[in-house]
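One chain, chain A, links the two complexes that follow: it is found with chain B in the first and with chain C in the second.
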Partner chain A sequence: MLWMLVLLPMLAGAALFAAGSERRAWLALVAGATMAAMVLLATFAAAGSWHGELLWSPMLVLHVALTPLSAAVALLVPAVALPVLAYAAFHEERPGLRRLLALLLLFVGAMELLVIAADLLTLLIGWELVGACSWALIAHQWRDASRPASGLYASVMTRLGDLGMFLAAMAAFAGSGSFAYADLAQLHGLPLALLTFGLLLSAASKSGQLPFSPWLFRAMAGPTSVSALLHAATMVAAGAYLLARLQPELSRVAWFAPATIAIGLTTALAGGVVAIVQSHAKKLLAASTSAHFGLMFIAVGAGYPAVAVAHLVAHACFKAPLFLAAGIAGQRIDGYTLARMRLGHALPWVATMSGVAALALAGVPPLGAAWTKEAIAAAGGQISPWLAAAVLLAGGLSAVYAARFQGLAFGFGDPPVQAEPPHRIERMAIGLLALVTLVLSLLWLPRIRAALGELLGVVWPASDALALAASLLLAALGLATGYLLVRRHPMLGQAGAPAAVADWWGLPTLLRMSVSMPVLLLASAAARADDALIDAAPRAVAWLGRRTATRIARDDDAVVDRGVRATETFTTALAVFGRRLGERIADGLPEGAAALVSLGGLDARRLQTGLSQHYVAMLAIGGALLTVILLLGS
Partner chain B sequence: MLTLAILVPLLGAFALLFLPNACEQTTRRIAIGVAAVPLVLLLIVWARFDTGAGAAAFQQVATVPWIPSLGVAWRVGVDGIALAISAMSAVLFLAAIAWPAETKQRARAYYAWFLFLEAVSLGVFMALDLLLFYVFFDLSLVGMYFLIGRWGHDDAPRAALKFFVYTFAGSLAILLAILGLSLGSGSLTFDMRELIARQPLAGMDVRSALVLLGFVFGFGIKTPLFPLHTWLPPAHVNAPGPVSAILAGVLLKMGVYGLIRIPFSMMSATFARYALPLGILAVISILWGSLVALGQQDLKRRIAYTSVNHMGYAVLGVAAAGAMVASESGRQLALTGAVVEMVAHGLTTGALFLITAVFWQRAREYDMQAYGGLAQVAPRLTAAATVAAFASLGLPGLAGFVAEFQIFAGTFATYPWLAGIGLLGILITAALFLQLLQRLFFGEMQSRRASFADLCMRETLLLGVLLLLVVAIGVYPHALLAVIDSASATLVRSR
Partner chain C sequence: MSLQAILLVAAALIGLGLYGALSQKSFVMLLMGLELMLNGVLLIVVGCWSRSTDGDPKGQLLAIIVMAVMAVDMAIGFALVTAVYRKRQVDVIEGLTTMKH
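Our next item is the complex of A and B:
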């Protein structure tokens, strides 16, 4: 039955596409109903601890099952997708809308597969399907050639991470003879290290951690609803979720915690700065996604996977409405340049909801996201107070860009910009997500938190009043800085050094120069070499063969021809000889005959009988000789 | 039953030649009808196939004495591997024959050669006699030579000749190796089952190495394995689409199949000793094939080189399975994966080459730069090409993944380094196929392509069937894996 969680959206997507209708209300209804059904299914599945398996062969068995953590994410995915898909049906452009919704449904199904997977093979299937869906979604508006190119970029970069998952599966099989999560405990030594390395690599690439972060920028070529889903509940979420899910196994490797924390911290800080100087609304949010997933990596590294998942949930609930709001703003000004927006007057509802989400992004209490950030700092504090401080600093950066985003996108411009209001469904989608963000404030209540901890079977890290105060201070400072940036430097990040930093510190250029261009050059060089060099050996053999053949042919000319010519000469000679002889005979015959005749005539009177026999015999001999000569002469 | 599957298309081929000049339509219908017979027969064989633990390795065996003094006989039969590949070949032949072809006013000859090729190709996979195998192996060259040479375009005669001479050199090496193997087996026999049981040449160092070299060289050309692959691109580029589909889908399989059937099974000790070099060669094929494919601007050449890459995966699996180290389960996984790769590659690349036929038929051009934005006028073609491309780059849910996952997981247990390096191949393949899709179908459409026709009914149906099989294998390969596993388990366990 648990398979239904995967099959339902996939079949609904196929049916939606096959039905052929492009009506917005119909598409929203089907997609929304499917998501609602999935939320119900996931609830029942979690309550009834459903599981399933599918036998490919005795060695390849697909398992799906739910743990408390995966049940939380399995619920989150359709819950966030519900408003996003409804929004998509009313927000995105008409041609290809049906395909877009069908792909989004498929995307959700693939994500659910990797969430409920209980072995590495099933995980890999969901993992790669999510990647393929993201390619199709980013390339959705394919008439503009740059979008499929961005899809390719994102796909190849994340597939590089997928190789890590192949490696992990291979190592698990070599070490335990099985792919199941349950058997990972048998792994030790090198296979365990390879498993950890592989999974960390694939998680980092999916979650947009350094050095893979640039793909998230390229993913912005997709429609806004795709970005919203991709950043909130699918694809990017997969990386952090995976580490949280398998943390008990992975943390047996000594370097797992420091490596994960290092990746997460670097990305959180570097990404925070990138977001602060970004001038493109969606890219600002994308960089902030990398930064916040960096925080989740820190939580997993510090040994609190549940904290990471809690932040994942909170992040999904505030990041999705921010993207949806950015999409509406971008549609109004036909672009995503923040400095040109200031749509506060024109879009009051969107601006308010975006404001709520931006406060959550900034980590302002009493919103739930502030508590999850606090918990990550507390978790980090158990490793080192410096780590806690770094997490709080990342939170401060987050406040800066949150204020900057809100101020530039939905500030009050002068003169006020006019724009048509968004569709009711678009407003409802954003409102619903903002509402959930508000509801998550309950996380601050100790009793709720305790109940939740009990449900998930985890203990939350103890919080610290000093850290809380520091966090509040940093958030306030951050908001003020952001506000100042909006006022004083609205054009920040459009030129000069900030623009270079805004493009992930020049990392995409570095990657292009050091990886993609060399590979492409190598490929064309290889293609030439294949024709010129590798084929040279058989060509040389062929050439040798031809030459030998030619020589034999020439020899053939020489020897055989000579033979033929000799035969000819011989024949001619024979013929000449024969002719001479023949002439003599031919001349001689009639002459002889005449002589004989005269002789005979002379004797005839004497010999009246017997002469005719002689005559016939002479003729026969002459005729035979003539025949032979004629044959030879011809 | 199997004899019939070979004889029906063979007789059909001759019957077509003596048919009073029927019109093209009728000829094609007859050919389709004849080509459907082996498929039906093989499906019956599949249904009756016993995958149980105690079942005979080779089933549906038929024997008719031929040259008793030399131990040669008409022996046919299938194990799980042969059955899977034969069935795939029968499907692909039916699709290629039914594909709307340009027969250049010589429909009877075209379909007759096709049926002839089908008969001898199935013969290669079903033969249980080495000499019979060799005869079919060589006859397949003849059929392919004429199909490329007479119905190809541009430089077809030259390409066909290169194909013929190159692969014929390979088959001469195979003949010598076959003789070396049979003569070394004590009393002379060409019965494969007998030879598998006897393991001739075991313990004869130099001679067995030379015989193995002969087989690897001969089958390596056919596979094709780096650096013996350069006959492949010209043959593909100049061949008509359906012929390319058969060349890639069926004929290349004879190389890997031959490796499994003969040296892998009949001289397992020697094979194990040289498995590592073979594996290294396979990894070079994987990387080189994908890299060179990425460097191609010509649609058909690009797909042709991905065959080098994919067959590299298959050979890697065979090499890993043949090494006598590591666990049985890992080696079985690798061998099963290699066979699934052959089936998956046959269907996928067959479909891809049929798709190239669409391009040639509509626009007489394979240069990818000459296209773009075709999704606008040919959505069905775009969808089919996308599925086929994703299958070829090994996306889960499609057949290629089932193969490659098993190959890598199985190989890692034996040669972790080779598996690790080979993984890079699936990254480059992803890049090259996504780029291919992008160039052909997305972006701005060139105005001269406005009249580019989408897939017609028949084309849609044929590609649909092939790709449906690809999806079915990708989602739930249980039936296929059960049949193949029955053979690979026997092969791996007997070492």
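Our next item is the complex of A and C:
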């Protein structure tokens, strides 16, 4: 039954594509109904602890099962996808809308498979499907040549990490003879280290951690709804979710926690700065996604996967409406340059909902995201107070860019900009997600928190009043800084050093210089060497062959041709002779016979004299002959 | 009288008849030759009947048929000769050349 959670959206996507209708309301209805059904299914699955097995071959069995954490994510994915898909049906451009919705459904299905997987093979299948879907979705508007290129960039970057997943699966199978999560506990030594390394690599690449972060910027080439889904509940979430899911096994490796924390912290701080100076609305949000997933990595590294998942949920609920709002704003000004927006007057509803989500992004209590950030800081504090401080600093940075985003995108410009209001469904989608963000404020209530902890079977890290105060202070400071940036430097990040920083501190350029170009140079050098050296032997063989062939051809002319010509002459002579003889025989026989018969006829005529004596004489001679014969016979 | 003697007489008759048929120019003499040959044949039939079959009535019958044939032969022959003479005024064999090829 648990397979239904995967099959339902995939089949719905296929049916939607096959049905052929392009009507927005119909597409939204089918996609929304599918997502609602999935939410119900996931609830029942979590309550009834469903699980499934699919026998592929005697050696390979696909398992799916739910733990409390994966149930939470399995529920989150369709719940966030529901408004996003409805929004997509009404927001995106006409051409290919049906394909977009079908792919999004498939994307959600693949993500569900990844979430409910209980062995590495199933995980790998879901992981690859998610990657393939993301490529197709980013390259959705393929008529613009740069978009497929961006899709390819993102795809190659994440596929690089996928290699780690393959490594992990192979290491697990080599070490325990099984792919199942349950058997990972048997791993020790090298296989366990390889598994950890592989999973960390693939998770970092999927979740846009350094040094893989730049692909998230290129992924912004996709439609807004794709970005929203990609960053909120699918694809990017997969990395952090995977680490949280397998944290008990992975943490047995000593270097796992430091490595994860290092990656997460670096990304959180670097991404925060990138987002602050970024001038492209969606890229600002993309950088903040990297930063927040960095925070989740820290939580996993500190040993609190549940905190990471809680932040994942909170992040999904505020990041999706931010993207949707950015999409609407971008559509109004036909571009995503923040400095040109200031749509607060024109889009009051969107501005309000975006404001709620931006406050959550900034980590302002009493919103739920603020509490999850506090929890991460508390978890980090158990490793080192400096780590807690760094997390709080990252939170402060997120306050800066949240304020900057809100101020620039939905500030009140002068003169007020006029723009058409968004569609009802678009407003509802953003409103619903903002509402969920508000509902998550309940996390601040200790009783709710304790009940949730009991439900998930986890213990939340104890929070600290001092840290809370520092966090509040930093958030306030961040908001103020963001506001000041909006007022004083609205053009920040469009030129000069900030622009360089805004492009991931020049990391894409660095990657191009350090990876792509050397590889290309090496490849061309290798090609040249191949031409010069390795081809020499085949070329020599070819030359020799040609020479031999020429020689043989000449011999052939001399010997074989002469033979052939002699045979031809002989045959011709034979034919001429045969013709003459044949003519003589073939003509002579019948003609001779005819002449003889004619002669006989003429002679026979001479006997017919007309005289009866002659006839009588002949009769008599005949009778005499007959008599003689009879006499001789007797 | 022995069968041999009878056969000799018959052979002589046939030989005479043959000679007559071959040598004579007149239609009438030709017919006479033929009659003689048939007489020889009749004589052989009768001789053989009386000497070797002990009076089998079939032999007699054959002899009577041959006799009837002779009569018919003569009648037709002379009728033809008369017809030819009336038409062409010829009574010798060389005069009739229409049988030539």
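In the analysis below, the second predicted complex is superposed on the first by the 522 of 634 C-alpha atoms of A that agree within 3 Å, B and C clash if a C-alpha of one lies under 4 Å from a C-alpha of the other, contacts with A are read in each partner's own complex, and residues count from 1 in each chain.
To be clear about the criterion, a residue touches a chain if its C-beta (ideal position, glycine included) is under 8 Å from a C-beta of that chain, and two chains touch if they have at least 3 such contacts.
Since the structure is predicted, the reported quantities are computational estimates derived from the model, not experimental observations.
*Asks:* Looking at A:Gly327, would you say it contacts chain B, chain C, both, or neither? Reply first, second, both or neither.
*Replies:* In the superposition, A:Gly327 contacts neither chain B nor chain C.
*Asks:* Applying the document's definition of touch, where does A:Gly381 land relative to chain B and chain C: first, second, both, or neither?
*Replies:* neither
*Asks:* Given the superposition on chain A, which partner contacts more residues in chain A: chain B or chain C?
*Replies:* B
*Asks:* So, A:Gly411: does it touch chain B (first), chain C (second), both, or neither?
*Replies:* So A:Gly411 meets neither chain B nor chain C here.
*Asks:* Go through the superposed model and pick first if A:Gly13 touches only chain B, second if only chain C, both, or neither.
*Replies:* neither
*Asks:* Given the touch rule stated above, what does A:Pro538 touch, chain B (first), chain C (second), both, or neither?
*Replies:* Touch partner of A:Pro538: chain B, not chain C.
*Asks:* One more residue to check, A:Phe166. First (chain B), second (chain C), both or neither?
*Replies:* first
*Asks:* Using the touch definition from the top, list the residues of chain C that touch chain A in their complex.
*Replies:* For chain C paired with chain A, touching residues are 18, 21-22, 30, 93-94, 96-101.
*Asks:* Which chain B residues qualify as touching chain A in the complex?
*Replies:* 162, 165-166, 226-231, 288, 291-292, 294-296, 305, 327, 329-330, 332-333, 336, 372-373, 375-376, 390, 395-397, 401-402, 405-406, 408-410, 412-413, 416, 419-420, 423-424, 426-428, 430-431, 434-435, 437-438, 441-444, 476-478, 481-482, 485
*Asks:* Within the complex, which stretch of chain A touches chain C?
*Replies:* Per the touch definition, chain A meets chain C at residues 605, 608-613, 616-617, 620.
*Asks:* In the complex of these two chains, what residues of chain A are touching chain B?
*Replies:* 54-60, 121, 124-126, 128-129, 132, 135, 139, 142-145, 147-149, 151-152, 155-156, 159-160, 163, 166-167, 169-171, 173-174, 177, 179, 519-520, 522-528, 530-531, 534-535, 537-538, 542, 545
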